[in-house]
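Working notes for the structure below.
Letters A, B, C, D and E name the chains as they come in the text, with residue numbers starting at 1 for each one.
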Amino acid sequence: MIIAKVIGKVVATVKDPGFEGKKLTVVHAHVIKDGQLIPGQTMLIANDDLGAGEGDLVVVTQGSSARMAPTMKNCATDAVVIALIDRIDAGGRVVFRKT
Amino acid sequence: MIIAKVIGKVVATVKDPGFEGKKLTVVHAHVIKDGQLIPGQTMLIANDDLGAGEGDLVVVTQGSSARMAPTMKNCATDAVVIALIDRIDAGGRVVFRKT
Amino acid sequence: MIIAKVIGKVVATVKDPGFEGKKLTVVHAHVIKDGQLIPGQTMLIANDDLGAGEGDLVVVTQGSSARMAPTMKNCATDAVVIALIDRIDAGGRVVFRKT
Amino acid sequence: MIIAKVIGKVVATVKDPGFEGKKLTVVHAHVIKDGQLIPGQTMLIANDDLGAGEGDLVVVTQGSSARMAPTMKNCATDAVVIALIDRIDAGGRVVFRKT
Amino acid sequence: MIIAKVIGKVVATVKDPGFEGKKLTVVHAHVIKDGQLIPGQTMLIANDDLGAGEGDLVVVTQGSSARMAPTMKNCATDAVVIALIDRIDAGGRVVFRKT
């Protein structure tokens, strides 16, 4: 999985029927460098049924595993938010804490 | 999934029988940077049964999930257009709106 | 899928029995930039049962989808040639035409 | 699989039910260069049921294979620690030995 | 699949039971550039049941396809050696020949 920040959303009327009523969030991968959480290289569209809002830090699973999320069976998704991050500890420090 | 722009198409007479009658579009991944939608690093061939035309911005799913699209069962595809994008919101702004 | 050029082949006597009698081609990913088809970053070994020859431009599918090709069921392949490209159109121009 | 160092952990209250009670470790990919083990480009969140602690060097498997680990069946994970590394030999030298 | 050189091995006592008795080799991806075989960017841990030794050039399959190798069913591996390379031909030349 990757750490990612929710930065926006995609609106689409014409879509695969399996995505009807499903939220398509834009997420930006983040990495930890020198004890700081910084933006990474990857930007993805991920489904979310956990209620992530813009600015939230989340964990995103990718590939066939995305379809193992309870509400995503048989959906053609390849990326799903599986956790809303409260805190990240690294190198004995708190790198991120939800406010 | 990724945001991508349809930039062309591939014509092939000799092909795997599962691709008979299927459109092979060339798509170019796009990312959001400083509130702007800009071309990214990845270029893919994706199947499309939603009627995407050249210049359209779309969402593309990859891997085994591509075969979950209704018309792609048993097809050896690894990338399929699953939505035609109407609008992208990010950072409280409209980053893209279909015209 | 990706656009790739067949640039060579691999010969191997000791191999997984599922690859017995199967061609292992070396393919080099290509991308379109400024209306030109140019070599990309990725080099792969792909199976081919469509008769691709050195110098041919092909479409390669990757991952579990490669095993959906008719002759690759149960083979441990993760990349297969699924089309021999005749023509690529992009930006209203013919970017590639087989000669 | 990849070689990775456990550098931290993620705490999340709101999550996919399949991750209830499962450890989410932050791991940093490592590579061998000039006979030295050095940090690589990739940072991942991986599940761990082998008891890896911060600073441990581990082997991480990715994709659908992560769900083949005994305790991860039906979990939407795409990365799991499958071994705690005792030693790495490369180029006739011991590149890493657990202390 | 990718071309890779076996450069070492990983020793691990604590591991997923599915890896018991299985060799974990360290392999370094190689690519062909200007008719020469050169080291690439990727380093992986791959299973091997074909008897590859350090220095051998091999073909490695990745993802769920790795589990299609006869001895890897139900193993949480995502990379397996599927061939020991005897020769690589590219651009009308012999790029590699096993000695």
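Keep this in mind: a residue touches a chain if its C-beta (ideal position, glycine included) is under 8 Å from a C-beta of that chain, and two chains touch if they have at least 3 such contacts.
Computed from a predicted structure; not experimentally measured.
Novice: Common contacts of chain A and chain B?
Specialist: Both-contact set = empty.
Novice: When the Cα trace of chain A is superposed on that of chain C, what is the rotation angle, expressed as a multiple of 5 degrees?
Specialist: It works out to 145 degrees.
Novice: Taking each chain's centre as the mean position of its Cα atoms, how many Å separate chain B from chain E?
Specialist: 32
Novice: Using mean C-alpha positions as chain centres, tell me how far chain C is from chain E in Å, no decimals.
Specialist: So the centre of chain C lies 20 Å away from the centre of chain E.
Novice: Two or more other chains touching the same residue: where does that happen in chain A?
Specialist: If we look for residues of chain A contacting two or more partner chains, we find 63-64, 66-67.
Novice: Please classify the inter-chain touch graph. Allowed labels: line, ring, star, complete, other.
Specialist: Per interface graph, the chains form a ring.
Novice: Could you give me the chain order round the ring, chain A to chain D and onward?
Specialist: Order round the ring from chain A, first step to chain D: A, D, E, C, B.
Novice: Report the residues of chain E in contact with chain C in the complex, numbered from low to high.
Specialist: Its residues touching chain C are 1-3, 31-32, 40, 50-51, 59, 61-70, 80, 82-92, 95.
Novice: Touching residues of chain B toward chain C in the complex: what are they?
Specialist: 7-19, 24, 26, 28, 43-46, 54, 63-64, 66-67, 74-79
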